[in-house]
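Chains here go by letter, A, B, C, D, E, F, G and H, matching the order in which they are written, and residues are numbered from 1 within each.
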Amino acid sequence: MPKVGLLVGSKSDLPLIKKCEDVLASYTIDYELRVLSAHRTPAETADFAENAKDRGFDLIIAGAGMSAHLAGVIAAHTTIPVIGIPIKSGMLDGLDALLSTVQMPGGIPVATVAVNGAENAAHLAAQVLSLKYPELELKIKETRKQMREKVLSA
Amino acid sequence: MPKVGLLVGSKSDLPLIKKCEDVLASYTIDYELRVLSAHRTPAETADFAENAKDRGFDLIIAGAGMSAHLAGVIAAHTTIPVIGIPIKSGMLDGLDALLSTVQMPGGIPVATVAVNGAENAAHLAAQVLSLKYPELELKIKETRKQMREKVLSA
Amino acid sequence: MPKVGLLVGSKSDLPLIKKCEDVLASYTIDYELRVLSAHRTPAETADFAENAKDRGFDLIIAGAGMSAHLAGVIAAHTTIPVIGIPIKSGMLDGLDALLSTVQMPGGIPVATVAVNGAENAAHLAAQVLSLKYPELELKIKETRKQMREKVLSA
Amino acid sequence: MPKVGLLVGSKSDLPLIKKCEDVLASYTIDYELRVLSAHRTPAETADFAENAKDRGFDLIIAGAGMSAHLAGVIAAHTTIPVIGIPIKSGMLDGLDALLSTVQMPGGIPVATVAVNGAENAAHLAAQVLSLKYPELELKIKETRKQMREKVLSA
Amino acid sequence: MPKVGLLVGSKSDLPLIKKCEDVLASYTIDYELRVLSAHRTPAETADFAENAKDRGFDLIIAGAGMSAHLAGVIAAHTTIPVIGIPIKSGMLDGLDALLSTVQMPGGIPVATVAVNGAENAAHLAAQVLSLKYPELELKIKETRKQMREKVLSA
Amino acid sequence: MPKVGLLVGSKSDLPLIKKCEDVLASYTIDYELRVLSAHRTPAETADFAENAKDRGFDLIIAGAGMSAHLAGVIAAHTTIPVIGIPIKSGMLDGLDALLSTVQMPGGIPVATVAVNGAENAAHLAAQVLSLKYPELELKIKETRKQMREKVLSA
Amino acid sequence: MPKVGLLVGSKSDLPLIKKCEDVLASYTIDYELRVLSAHRTPAETADFAENAKDRGFDLIIAGAGMSAHLAGVIAAHTTIPVIGIPIKSGMLDGLDALLSTVQMPGGIPVATVAVNGAENAAHLAAQVLSLKYPELELKIKETRKQMREKVLSA
Amino acid sequence: MPKVGLLVGSKSDLPLIKKCEDVLASYTIDYELRVLSAHRTPAETADFAENAKDRGFDLIIAGAGMSAHLAGVIAAHTTIPVIGIPIKSGMLDGLDALLSTVQMPGGIPVATVAVNGAENAAHLAAQVLSLKYPELELKIKETRKQMREKVLSA
């Protein structure tokens, strides 16, 4: 069964991340949710990333605002894919968090979604996981079919 | 063997994408390079995306500038992961391309890297593909080791 | 009688587009309103654009937010004029939608109005249609006269 | 025969507008090129716009930079369609000119193309004029076919 | 007695301009308030500016939002000083109006104050008018003294 | 004879300010040029402003880049009009200098021109000075006439 | 005992600065709070800075919005460290204040914290003061331990 | 003798940091220069910060571009003051690096200087160190005197 590490940099980010949890659950993807701060709990953050693969995680989703270093720090400590959700909380309506998340140095990429894109982080996780868990493809197709019908019936 | 579709929106983007090719090659990842425009060849673009999975592609990397619709159009027509490279060419030094690439509607995500992030698009592809092709993990680790040594020797 | 295709990318854009409908009606311009998504219903969107001229449409107005690809996708599939309304919903107060709408590649233009400029999209449509339907000119002049009097009486 | 007024706000804008002239010529659209400044020749600018329709112009293309008032001033004095080309010359790489051109008050629209979008202003003019001069449609289709082939052969 | 023309581009700007009226009154500067639109009443706007000096106006204050052409159009038609107040109403929190107001072509300057800077437009008017009406200097000094005492007592 | 204080914050700003000197000279306006830094020579800067009126200056033009405090500091120490020229040198192509110059607290206005607007600072000075020195009006009209002819002959 | 000068440019900034006061108090750092304006009380502001060291202040924290000159003016008049808090109040959500505060000329630095970063200004003060008052280090460590525990218990 | 840790995130930042070295040397402040990457050498970076105080460092200056996490990561692992230099290399002319450096979470401040502000980072270090090493004050005053004379002689 696919397993995702779902991290946020602050307790205050939990409501936003709820959408991500809901979509992961709709795909029957298992996840472990943790609050970890790149700056306030640097040792625990590094530990989580370094042990993630051995603990059975297939990928990690990390959401953070302000200087938004969380996804990047996680990516520096693991080779499994890291999806970053920039969270709106800084000065430029989240643009600062987006740039801090996406502009990684060569070799340490973060797969970035839109600011507050918690929902699409989960959809992207499903598409990535479908490489290893092909049964996910059917669910993705079913989800898209429902979206299409919803638009056409509007 | 892993196989990647590598698309650019214009012939003028080919030099930039060379870095992506080099990194894919360093991981021994097979790729097919195509120039396809969301606006000038919309039918061919949709066809490529719709048939990508059946043709054996594991994921698609798409780079485009200006209104930068290519990655999004590709993502709308396939369920395999799509990595988007915003290319600097518009008015806001590529910020416009970044926003056009990353701000996808719910359900149709694009895994976005930095503006002109051709190199990291390939590294991200390797990490994503390692879910299905575990032998890639060793190469990723070796690459990171070399990067670390290069920094420490500076 | 002049006929306009009026498209929005999401059901949530309908209230904004109401102003556009009202102005079109004030000019006695016929229109067909549709919700079509460049990403969630790509096939239906392409079909609409490709058949628009044969179905008697003189021009198309398309409004969309976020990555705002709708007007561009429509423009890629038809030769009748396309007016794009960037809709405020992304990160930069609609500036992102404006740039995504206006920065089209050479040969596939979108006549762009201001962010949330639903009203002016209809006025612009009337001016464009007056080339083919000269009786519209009188109505445009009457509208302007009323605006002028409203300002002077303030 | 279709006839276009082609205005720029300064002599220094003439090289940029050359692309627009070339594309208009490729469609066999007649045009009259004038340098007129909203601020330095306000009377002549208003006169041109007020008499444009009577002089046989079908639409006006106006390009200007900096505060970029030219297209708007023209639009205030005529009911034929006005296409605005924001020209890069101010502080924000042309974004300022784009906003000054596109953000018109209700009732006085300017059909705006991208910054320095001289080429697309001409393509847009052709599409608009095709409502009155249907023979233009064939040329537009031929132009698009050539663009498509150029991309596919890349 | 000093006399100022006080113009706004729309009835909706009147509440904002109230601060300007109050400060002008505190300096016993006479003013005439008018709603005039650069785009909706272009002829009346040009007339006002062209006759301003003959009608005894010493300077003009003009406030406008969106494409914010009013101050510039006024400046093009008179040689008395024009103070521009960019009004917040467009896409970029008034930055667009600021740039449209301040970035005038050489020879046609607009003395620009901050976005929504109605209060400082009046203070600036007083300082400018003090060149011709030296008795204003005492009032300016008294105003500054009161401001200083207000800060120190905080 | 009209007399202007012309200040720049750094020796490196002198070439830019040359245009201002030329235009002042064309109006036969006397000026005294000084390099004074709000931060490196705060006492001399305050002294200059406090004594400016007594020394016969009618107004002060101050140009500065980066944090661009010069015009504001001058304005805090005098009641004669202060024209600020934001100089491009900081991070945001001069936008930062523009905002730092124009966003003054209530009661201490700076009449701001465009970034690097040295030429228009002088034209604005002439218009302001014409309130006290009416003979300047003729020169302003002559200058405008020449500009108009230059445009029309293009 | 460590002693800090805590300045704000306006009475309206006092609520924001309360967080700074609380954190300083938690470290048992003495402070003197003053409202001083770079533009409305320039003489008193210069005096405070020039006498700060002699009056026993170890460093100064200065918060201001809009053109945000306060920290820079203070820094020009003293050699003790100056921490600047840009306060959100201008046009660009405080980005303008940030740039005005941080972009100081060489030799006159301001140690800048985030927009509205009143809390971190106090933490930074504690770290700086710990160089002279080593007993502060224990309190800083205790504060960080509490923050870490708060995150881990979330 | 004062001792500073001087870190950059990449070998390519070394030329920029040369100015910082020169100014530190002019104050006779000892420093150790290291290339350390928050993402490519995360373990070594954390180690350096954790042992900095025990190794006798009084403060750390850290310069980095792109996502610019270096100063923040260092600050998370030490209680001595950290001065951050955002380095221009990302998409927004260094604004992205500035925001990533300055917007730290509460309790983990970074004293930020301007983009590429290597020179002022050293001046700020001198002012901070003067709290512990009072002999630095004389050198700071001498430096300022020279700057003042240089401006006045311009």
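Following the convention adopted for this analysis, a residue touches a chain if its C-beta (ideal position, glycine included) is under 8 Å from a C-beta of that chain, and two chains touch if they have at least 3 such contacts.
Given the structure is predicted, the values throughout are model-derived calculations rather than measurements.
*Asks:* Hey, what chains does chain B share as contacts with chain G?
*Replies:* A, H
*Asks:* Look at the interfaces C-D and F-H and say which one is made up of more C-beta pairs in contact.
*Replies:* Looking at C-D and F-H side by side, C-D shows more C-beta contacts.
*Asks:* How would the chain A/chain C interface be labelled, same or different, where same requires over half of its residue numbers to be shared?
*Replies:* Different, since under half the interface numbering is common to both chains.
*Asks:* How many Å are there between the centre of chain C and the centre of chain F, using C-alpha atoms for each centre?
*Replies:* Result: the chain centres lie 45 Å from each other.
*Asks:* Averaging over Cα atoms per chain, report the distance between chain A and chain H in Å.
*Replies:* 33
*Asks:* Based only on mean CA positions, could you tell me how far chain D sits from chain F in angstrom?
*Replies:* 36
*Asks:* Can you check how far apart chain G and chain H are, centre to centre, with Cα atoms defining each centre and the answer in Å?
*Replies:* Taking the mean C-alpha position of each chain, the two centres sit 18 Å apart.
*Asks:* So which bits of chain C are touching at least two other chains?
*Replies:* Expected reply: 10, 37, 40, 66, 90-93, 98, 102-104, 107-108, 114, 144, 147.
*Asks:* Following the definition at the start, I'd like every touching pair of chains, please.
*Replies:* After working through each pair, the chains in contact turn out to be A-B, A-C, A-G, A-H, B-C, B-D, B-H, C-D, C-E, D-E, D-F, E-F, E-G, F-G, F-H, G-H.
*Asks:* Which residues, counting only chain E, touch chain C once they are in their complex?
*Replies:* By the definition above, chain E touches chain C via 10-11, 14, 35-37, 40-41, 44, 66, 90-93.
*Asks:* What residues of chain A sit close enough to touch chain H in their complex?
*Replies:* 9-10, 37-40, 42, 46, 66-69, 72-73, 75-77, 90-92, 96, 99-105, 107-108
*Asks:* Considering only the defined contacts, which chain C positions touch chain D in the complex?
*Replies:* Residues 58-59, 79-83, 98, 102-104, 106-114, 117, 119-121, 123-124, 127-132, 137, 140-141, 143-144, 147.
*Asks:* Which part of chain C faces chain E closely enough to touch in the complex?
*Replies:* 88, 93-95, 98, 114-115, 144, 147-148, 150-152, 154
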